[in-house]
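Each of the two complexes below includes chain A, the first together with chain B, the second together with chain C.
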Partner chain A sequence: MNTDCLTIKNQDMKNQYKALKYRSLVLLAAFFLIASVIAVIALCVGASSISVTDSILALIEDNGMARSIVWNLRLPRVIMALLIGIGLGTSGAVFQAVLRNPLASPFTLGIGSSAGFGAVIAIVFFNGLVNEYAVVIWAFIFTLLSSFLILGVSRYKGATAETMILTGIALMFLFSSLSSFLQYLGTKEEVHGIVFWFFGSLSKAGYREIVMSGIMILAPMPFVFRFAFDFNLMTAGDESAGALGVNVSGVRMLSIALASLMTSGAICFTGVIGFIGLVAPHIARMIFGSDNLFLIPASALIGGVLVLSADTLGRTVWLPHVIPIGIVTSFIGVPFFLYLLIKKTKEYW
Partner chain B sequence: MLRLLLSSKEFYPVRFFLASFLLSGLIILNVSAPGTAWAGDVTQAIVIEDAFGRKISVNMPVQGIVVLNSDVLEVLRSLRAQDLVKGVYSEIDKDGVFFQEFLDRPRVGSWKNANAELIADLNPSIVIAYENNPGTELEKQLSPFGIQVLRLNFYKLGTIAKEIRILSKIIGREQQGEIFAAWYGKKLDAIQKRFDYIKEKPLVYVESYSAFHTAGPGSGGHDMCVYAGGKNLADEFKVPYSEITSEWVISKQPDVIFKTIAWGNGFERKDRVFFNNVRNELAARPSWNLIPAVKKGRVHVLDSGIWTGPRAVIGVAHMAKCIYPQMFDGLDPEQIHKEYLEFFQKIPYQGVYISENLSGGAK
Partner chain C sequence: MLQVGNLSFNYGKTCVLKDINLNVKKGEIISVLGPNGVGKTTLLKCLLGMIKPCSGFIEMDEMDILKMSSTHRARLIGYVPQAFPSKFPMTVFDAVLMGRKPYVRFVPSENDLEVVSQVLMSMNLNHLGLKDFDRISGGQKQKVLIARAIAQEPNYLVLDEPSSNLDVRHQLEVMDMLRKLAQKENIGIIMAMHSLNLASRFSDRIAMLKSGCMVCNGTPLEVMTPKIIETVYKIEANIHRINGYPYTIPLNPMPENRTNKELLN
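Showing the complex of A and B:
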C-alpha cells in the first residue's frame, strides 16, 4: 500500500516536472520568437529613409545602398545587442545562483567598475578616444584582474558566497574611486569620452567586434549549462549540495570565472550596460521559476530581448539622436521589472 | 599694581579703555594679515559681465590670477600678463611644451574641481574658470577670502573677442587686448565676407572627440563649422553633443567631414602620420564609402589645439580652406597660426595641426 502510494506520488511529481518542462520549453520558444521579431523590426528601422520592404529585400538581394546599410550597419548592431544581452543575462543568472543572492550581478561584484576603470586608463593614458581597441584591451584586462582578485580572496578565505560578495563590493568601490580619480586628472575632452563610455553604446559594433565578443560570450555557455544542475543543488545550501556530491567551491570558482569572461565580452566593446545582468535573471525567475536548466537560457533570451529593444528604441525614438543604451535599458527594464514584481503573488526567490 | 587695576571698581573706565585698545589692535592685525578679504589696495572697482551674464564688480588693480584652464592661460599670454598668473590648473603638464613658462607655477587642482584651500593660500585677486566648471560652490568657498571667481569661456567664437576685451580691461592691458581682439575679428571677417554670395553651403559632418558624437548648436564645433561656411548636418539639434548613428551620417551624404582629436599636442607633432591614420580609419568605417566626402577624399582631421579655443580662428581658416579650396586658394592658415604664435604668444611656430598640408610647405 505504502509502496503504491509512493509510486503514485513519484509519478505525479514526474508528470508535474514534465508539464513544467513542457511549459518552460514553450515559453523559451516564445521568447526566441519575440527576440526574432524584434530583430527583424530592428533591421527595418533606422535613420535612413530605406523602406521596410527594401530593408527585408536587402537581406537576400543586392539593392544598392539599402543592402549596404542593412548588412554593414544594422545587422552587426542587432547581433551585437543580442550577444550583449545574452552575455549579461547569463552571467547575472550564474552570479545569482552560485552566490545565492538576488542582488548579485556583474556590477555589484565590481566587474563593471573594473572594466570602467580599464576604459578610463585607456582614454586618459593610451589615446582611447581614438584607439578604441586600447579601451577594449584595458577594460578586458581589468575585468579579468577583478575576477582574479575575487577568486584569489575567496580561495584564501574559503569560497563562500559572503566572501565573494563582500570582496566584489569592496572592489566595486575601489575601482569606482580610481575611475573618479583619473577623471579628476583628465582634460575636458577625456572626461567627455569617459562619460560617454559609461553611458554605453553600440555604435561601434562591427563584425570584428562580434567575433571577439561572441567568442567570449558563447564559448563559456556549454560549461555554464553543464553546471546548471549543480546550481540547483547549491540553492539548498553549500552543505546540502556538498552532501549530494557537488564540489561547491570548485563549481563556484569556475562559474564566477566563466561569468566574468562573459561579462567582459559584453561590456568591453560597448561600455557599461549595467541593469541587464541584475534584472534579466529576476524577470526570467518570475516567469520560468528557479530551475537553472531553464532559468539560464531564459535569462540569456530575456537579456537579449531587453538590450535589442533598448538599442532599437534608443536609436529610433528621437531621430537622429541616439539615446545611450545604458539609459534606455533602465527606462524599459525598470517599469517592466516593477510590473512583474507587483503582479507576482507568490515569493519567487 | 595689575591686581589693583583689575579688582578695583574705580578703575573700570581705564580697564574699558585698555580692553578697547587691545581689541582694536587685534582687528587691525587681522585685517592686514595676508589672505583676508580686506588685503590689497582697493583703489577702484569696475563692473563687467561674465559668461554667466552676471554683473560682477571687480576690484582693481588685479594683482594675481589663478587660471583654471588652458584657454584663458593662452589669452593671458597673448595679453602679456604672465606675471599675474599665480596658480594654474593641474592638467597643464599635458601641454608642458606649449606652456613651458608656466610649469613652475603652483597647481590648484583640476579644471572642473579646483582646490579652494590651495587657491586661498595663493591669495589671488581673481580666479578665472569656464562658465560651468567648476561648479558655483567655488564662488561660495572663495568669497570669504575676498577672491572673486570670473567665468569666461574663450572657446565660443561669437564671444571670444568680447571676452578678450573684458579680461584685458580687468588686468589693465587694454591696449594689448584691443590689438588682439581686433586681429581676431579681422581674421574672422576676412573669411566671413566671402560667404556673402554663397547660396548653397556644403553639408558638413563634424565629429567630436568620441566616435559618432557630433557637435550641434551650443557647441564650439558647430560655431566653427558655421564660421567656416559649412552647413552643419546637426544644425537643428537641440543637444550640443549628441550621439548619432553611422546610418544617419550616410543618409545625409555630407560633402565634407571634420574630425577632431585630442591626443598628444599638435604643437609637438612632427608629421601627419597620426592624423592620416585617424582619417583612414574614419573613411574605412562600414559603408562610409557611400558618402560623397569619403569618395572625394574630403575627410579632414584637426588637432584639438586649433579646435574651439583661442586658436579656433586658425581652425576656422583650415576648415574654410577645406570646404572651399578654390575660394580660399590664397588663404594660408599656417601663416595665420605663425603670426598668432610668434606675435601674440611670443613662441616659435612649430607643430602639425591638420591631416592635409594646405599651405603647400615642406611638412
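Showing the complex of A and C:
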C-alpha cells in the first residue's frame, strides 16, 4: 500500500517535470509560428506600394514588378535578418553559458569591435567604400584574429571563464581605440562609411551573402546543440562538471570558436548589430528557464524575431528613409528588455 | 574498495601531500580531518582525478583511476561540492539531472528522468522538484547536491565539508542522510570535515592530516585523544564520551613555539 503510494507520487514528479518541458516545446513551436508570420508581413510591406495580395502572389507566380521586388529585394533581406538574429541569439546563449556570465555576449568578447576594426582597415586602406567584399573579408579576418587571441591566452593561462572575459574586454578596448585612430586619419567620406558600417545595415543583403553567412551560422548549430547538456553542467561550476565527466576546457574552447564563427557570419556582411546577442538569450531565459536544451533554440528564434521586426520597422516607419537596423534594435530592444526585467518576478530571473 | 597508496602531490616545489595511504570500503564513512591548508581538498581532488598525483596510486575496485576515461570515473565516484556557483536560475530537478551526465549521450532519456525522480523521492526532496535551486535553503541545497551525486549511481562519494554552511539541525540531518545512504546503497563515503564532533559521531573511521602527512587513521575512539588533537590542531582539548561517541571540547590554543617532536614524545 505504502509503496503504491510512493510510486504514484514518483510518477507525479517525473510527469510534472515532463509537463514543464512539454510546455517549453509548445512555446518553441509558437515562436516559430510568430517568426513565420512576421516574415510574411515583412515580405508584404515596404517603400513600394504593392498590395499584400500581390506580394503573396509574387511568391508563387510571376506577376511582373511585384515579383521582382519581393524576390530580389525583400526576400533576401528577410532571410538575412532571420539568419543574423539566429546567429547572434545562439552565439550569445553559448557565450553566456560557457563563460558562466549573464553579461557575456559576442561584443563583451571583443568580437564586435575587432570586426569593426577590420571594416575600418578595409575602408581606409583597401578602398572598402567601393569594394564591399574587402570590408567583409577584413571584418572576418579580424573576428577570427580576436577569437584566436582569446583562445591562445586561454590555452596558456587555463580556459577559465574569467581569463576569457578579461582577455575579451582588453581586446575590445584595443580594437576600439585602433578604430578611432584610423578614423582620425581617414577622409570625411571614409569616416562616413565607417559610421554607417557601425550602425549595421541589411540593404546589401543578396543571395550570395545569404549562402555565405548561412553556412557560417547554421553549420556550427548541430555541434553547439550537441554540447547543450554539458553547458548546463558547466554553469554549475567547472570542478563539478569535470567530476561528472565533462571535458570542461575542451568544450569551452570549441564552443567559443564555434560561437565566434556564428557571430562573424552574422556581423561581417551587415555591420555591428549590437545588443541582440545579449538580449535574446535573456528574453529566452525569462520564458524558457536556463535549460540549454531549450534555451539555445529559443535564443535563436527570439534573435531572429527581434532582428526581423527591427529591420521591418526600420524600413517602413519613416518612409522614404531607412533607419539603420543597429539603431532600431536598441530603440525597441532596450525599453522592451527593461520592461521584462522589471515586470518579471516569478521563478526564472 | 577505494585504495590510495603512497600518494604524494606537489604544487611546484611545495609538498602538499606525502605518502598518504588510505582505504575506503563500500558502506563505510571516512572523515578526513585537519586544520586549514593541510591538503584535505588536494587529497579529494586527487581521488576525483581532477589533478594527477606526483607518485603513488589510486585504485577503485582494482582499477587505476588515472587510466579511466572521465565518464567511466564519473560512474564510479560522485562529488558533492561545497557550493553551486550558478548565476542562472535552474530547477532542482534539472540540478539533480546533471548527475546523469555519465549516462547521457545527447539528451537525458526517460530512464534518466526516472532515476532522478526516484532519488528525489527517496531523499524526501520531491516537493522541491520544480523550485528554483537558488530559492531553497542552505540545508536543502546541500541535500540536492548530495542527490545529484546519488543520481550518478556511484560506488563512492566524495564530499567537501558537507556541513560547513549549515545550521545545527541541518548538519545532523545531512549527516544522518549520508549515514543511511552509505548503508542502504552500499556506498563508500569520504569527506573532508571541519567539525570534530560531527566527524566522531557519524564516521566509521577518521584520518587526521597534518602538513600533508597522515598522522593517524582509525576509529573515532582511537583517533580522538587529547594528544592527537594537540598534535594536529595545536590546541588543548578535553574529550568526553557520550553514548559511546567521543566529543571534543576545545579549551585553549597551544603556544606556537613548541616543536612537533616535543608534542609527539
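The rule is short, and it goes like this: the second predicted complex is superposed on the first by the 332 of 349 C-alpha atoms of A that agree within 3 Å, B and C clash if a C-alpha of one lies under 4 Å from a C-alpha of the other, contacts with A are read in each partner's own complex, and residues count from 1 in each chain.
We take it that contacts are C-beta pairs under 8 Å (C-beta built on N, C-alpha and C of every residue); 3 or more make two chains touch, one makes a residue touch a chain.
Worth saying up front: this structure is predicted, and the values here are computed from it rather than measured.
Q: In the overlaid three-chain picture, which partner chain does A:211 touch, first (chain B) or second (chain C), both, or neither?
A: It touches nothing on chain B or chain C.
Q: A:60 in the overlay: touching chain B, chain C, both, or neither? Say first, second, both or neither.
A: Once the two structures are laid over each other on A, A:60 reaches no partner at all.
Q: If you stack the two complexes on chain A, which partner ends up touching A:342: first (chain B), second (chain C), both, or neither?
A: After superposition on chain A, A:342 lies in contact with neither partner.
Q: So, A:72: does it touch chain B (first), chain C (second), both, or neither?
A: Once the two structures are laid over each other on A, A:72 reaches chain B alone.
Q: Could you say whether A:196 touches chain B, chain C, both of them, or neither, answering first, second, both or neither?
A: Only chain B; A:196 stays clear of chain C.
Q: Contact-wise, after the overlay, does A:48 reach chain B, chain C, both or neither (first, second, both, neither)?
A: In the superposition, A:48 touches chain B alone.
Q: Please report the chain A residues shared by its interface with chain B and its interface with chain C.
A: Touching chain B and chain C on chain A: no residues.
Q: Considering only the defined contacts, which chain B positions touch chain A in the complex?
A: Going by the criterion above, the answer is residues 69, 90-91, 94, 110-113, 133, 208-213, 237, 239, 241-248, 250-251, 261-264, 278, 286-287, 290, 304.
Q: Using the touch definition up top, name the residues of chain A that touch chain C in the complex.
A: Answer in residue numbers: 6, 9-11, 13-14, 16-18, 20, 96-97, 100-102, 226, 228-230, 232-233, 235-237, 239-240, 242-247, 285, 289-291, 293, 347-349.
Q: Chain B touches which residues of chain A in the complex?
A: Against chain B, the touching part of chain A is residues 46-49, 65, 68-69, 72-74, 76, 127, 129-130, 132, 184-193, 196-197, 199, 201, 203-204, 206, 315, 319-322, 324.
Q: Per the contact definition, I'd like the list of chain C residues that touch chain A in the complex.
A: 48-50, 69-71, 73-74, 77-79, 81, 83-91, 93-95, 98-99, 101-102, 104, 106-108, 113-114, 116-118, 120-121, 126, 129-132, 135, 152
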